[in-house]
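Mind looking over this structure? Questions follow.
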Amino acid sequence: MFWRKFEERLFNFLIRLATIIIIGCLFVIVLTIVVKGLPAMSWDMISKSPSGGFYLGKEGGVLNAIVGSLYLGIGASLFALLLSIPVVVYMNVYAPTHSKFAQYIRISLDILYGIPSIVYGAFGFLIMIYLGLKVSLLAGIVTVGLLVLPIMARTMDEVIRTIPKELTEASLSLGATKWETAMKVLLRQAFPGILTAILLGFGRAIGDAASVIFTTGFTDNVPESILQPAATLPLAIFFQLGSPIQEVVNRAYASALILTIMILVISISSRLLSRRFNKNIIK
Amino acid sequence: MQTSINEPMEKTGNASQHATLIQPLNGQSLNGVKTHISVRNLNISYGNSQILKNVSIDIPDKKITAIIGPSGCGKTTLLKTFNRLIESSDGIKIEGEVLVDGENIYGKNVEVTNMRKKMGLLSQRPMPLPMSIYDNIAYGMRIHGIRKKSILNERVTYYLKQASLWNEVKDRLHQPATKLSIGQQQRLCLARGLAVEPEIILGDEPTSALDPISSQRIEEKFVELKDQYTIVMVTHILRQARRIADYIVFMYLGEIVEHGPAHELLENPREEMTKEYVKGVIS
Amino acid sequence: MVLPLRILLDKVAGKSVLCLSVLIGSLLFLIVGGLYFKSLPILESHSFWDLISKSIWKPGKEQFGFLPYILSTVYITIISLTIAVPLCILCSVYLSEYASKRVKSFVTSLVDILAGIPSVIFGIWGIIMIVPFISDTLAPAFGQEDTTGYSILAGGLVLAIMVFPIVIHIMLEVLRTVPVELREASLSLGANKWETIKKVVLRKAAPGIIAAIVLGFSRAFGETLAVLMVVGNTALIPHSIFDAGYPLPALIANNYGEMMSIPLYDSALMFASFLLLVVILIFNVAARFFMMRVERRMS
């Protein structure tokens, strides 16, 4: 009898402790980055590209990497969006319900989601060799685009799948074609979900490093064309961190702070936005 | 193919030109009433379960036909074969013919969107499209090529009045349709369906989600509209069928047990099964 | 009859989305096939068994022994799961069975945010906090004075945190499918809440929990940058958790620069990617199998 009570008490305590540890990790990580990053933060960091002696601790900032990451993130999300909308439309509108092929695509997207980014990097490298592309923003966009495609497509798919079938039928019964129904009704109804999906993909694209090593390269300049290599924030952080000079390491912390803030802004705004765009939506 | 654009008021005459006189089946007389939809030896199965078994039925022109029967007997399925919404299901087998105005809608050269345009659909749960009240009504007209603002305005007003919704929404036409009450939404869906100038109105338990007052308004609307439209509705409320139907089809386990003029079928059912259902033994 | 433009558009659109879907549907095969094709050269000159069982790595002399890398990867993954799995189970039990709606939605949003944090941030945090903690506190406590802290334990710890979100997410889904009636039945027999969870809920959800763990595993198995930053990267088989290791993804990431200059080196790295991919595919299929069993049992 005593043991029964004790066990229940113990686990009541443990489950709360585990939850606190997990939440605590998030706070500790963010806090560490803020505390370490703030002192090295300066306007130069976000407004200048590295100048000659940057890696020796002299003038400059990581503008090249910020812009590079933004280009890469935007390009990759657009590329993934262009691929995922048709796939999602196919799976939910053109494919018959319970279609085996659509089901296969869902599963294969789920599996693709689990493939590590370094493997995408290697695959992107193969594509580059095959197409004769050099290390460039374009190669990065294609690779990272494929990397975020599964997240984007499946997030949208899950949202569209919750739309009642009757809504599609309502539009079809007015004489609309499937395409019109998809574009004017379903995508509109799923808009908040699509927005969330895009931001999710964007955040992942900005933060990914392993697939970029092979494909996007690194440079101290802001890229002027899609065929030039581009710097990205995660790699900038990684390289600065490897420096023996404390100044440069501190800048890595500041760069990490910039990246963290970007990610948090994306992640929080996606939450808020999807709440706001709900007005036309049937529930 | 398109109906005249200028005079939305004149909605008569069109349908009856096409309607053909088809010899009624089973020796049951339709008293010389024209047939609008006629189903011939229709068999529908999903995989190896047969949902409709050799269904043949004539739906009279410009009357209210009620399809009744216990849950799961195939009422919805039958209704959806009328506008081919049934085909969007995978692994479904359709055999037989459905003739609308004498033309087999499952024929090779039938353009399905034009065919669907002839029928408005009211679903069980009202499904406003994710857009404003105005755009809901204009949706179908725009799809079918009406662009001019003045015509759209005029017709939106007209059909909202037709569905007795105008007074309630005239000040907020550009608000999301989802803000309306459920009863108003269903009338909106009716107006939306009427706006593509159909000849037939299909309703799948159109009042089952509504409160008594709203249900009554829909029923009254149906009675009013039957001068101009052929109305087919599924209902599980026997009293509703009694109140408004001219003609009743009773189904059981995928078969049509009995059909005939409403008063005959309800007062003197010929089949034992119908008798029991009407008395409320089966439900 | 001339088809109206909108009908034509619909037909064209239908065909195009189908084509794109076929393309996306074949992406998985393209990746597997491409990497396999590129690892053929090394598979032709070395036997598969040699590659994965030898531990001498001298690309210049065409000696490619992957064993240290494979073992490092496996050890780090095991360490991370040993830490993450109990915590995740406890946390998801709390969230699904005990927490109020508000707490639950608060914690799940935080976990989602955690999921979005890039791996380089975890890596940098590992360097700032975990590595010194191991070298200054933890290792000395176990009598190991001379470690740098860059170790497979550091990699495992960082990975554990990265695995939290994915495992918790799936576990919550799984726990949600356990019917309320089942819990009520157990409670009404006089079991207390914890006993109900232990004997009924967790047991019912077991296949799903295993699936969650497997998916967490595949996340941990392939994670690159965060681990690379804290694990030390020496190509020796680690003998204690305080030793440095060199996991496969780090091997690939660190050597992409030289791989074109040494014969077979590129093929070796592609083989490493292929190996990662295949292991993850196998585990994914296994997880799916378990999930399917859950679903079948629930329906």
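Letters A, B and C mark the chains in the order given here, with residues in each chain numbered from 1 onward.
Just so we're on the same page, contacts are C-beta pairs under 8 Å (C-beta built on N, C-alpha and C of every residue); 3 or more make two chains touch, one makes a residue touch a chain.
All values derive from a computational prediction rather than experimental measurement.
Contact topology of the protein chains: fully connected, every pair of chains touching.
In this structure, the chain pairs A-C and A-B differ in their number of contacting C-beta pairs, and the larger number is found at A-C. Central chain (C-alpha centroid nearest the global protein C-alpha centroid): A.
Centres computed as Cα averages put subunit B at a distance of 53 Å from subunit C. Distance from the subunit A centre to the subunit C centre is 17 Å, each centre being the mean of its Cα atoms. Inter-chain spacing, taken between the CA centroids of subunit A and subunit B, is 47 Å.
Among the residues of subunit B, those touching two or more other chains are numbered 113, 143. In subunit C, the residues touching two or more other chains are 6-7. Touching of two or more other chains is recorded for residues 95, 177, 180 of subunit A.
Contact residues of subunit B toward subunit C in the complex are 109, 111, 113, 143.
Chain contact summary for the complex, subunit C toward subunit A: residues 6-7, 9-10, 13-14, 16-18, 20-21, 24-25, 27-28, 30-31, 34-35, 38, 86-88, 90-91, 93-95, 98-99, 107, 109-114, 116-125, 127-129, 161, 164, 168, 192-195, 215, 218-219, 221-225, 229, 249, 252-253, 256, 269-270, 273, 276-277, 280-281, 284-285, 288. Of all residues in subunit A, those touching subunit B in their complex are 95-99, 164, 166-177, 180, 184-185, 188-189, 191, 279-283. Subunit A makes touch with subunit C in their complex at residues 4, 7-8, 11-12, 14-19, 21-23, 25-26, 28-29, 32-33, 36, 83, 86-87, 89-91, 94-95, 101-102, 104-105, 107-112, 114-123, 125-126, 146, 149, 153, 177-180, 200, 203-204, 206-210, 213-214, 233-234, 237-238, 241, 252-253, 256, 259-260, 263-264, 266-268, 271.
On the subunit B side of its complex with subunit A, the touching residues are 83, 85, 88-91, 113-114, 116-117, 119-121, 123-125, 127-132, 139-140, 143-144, 176-178, 189, 192-193, 196, 202.
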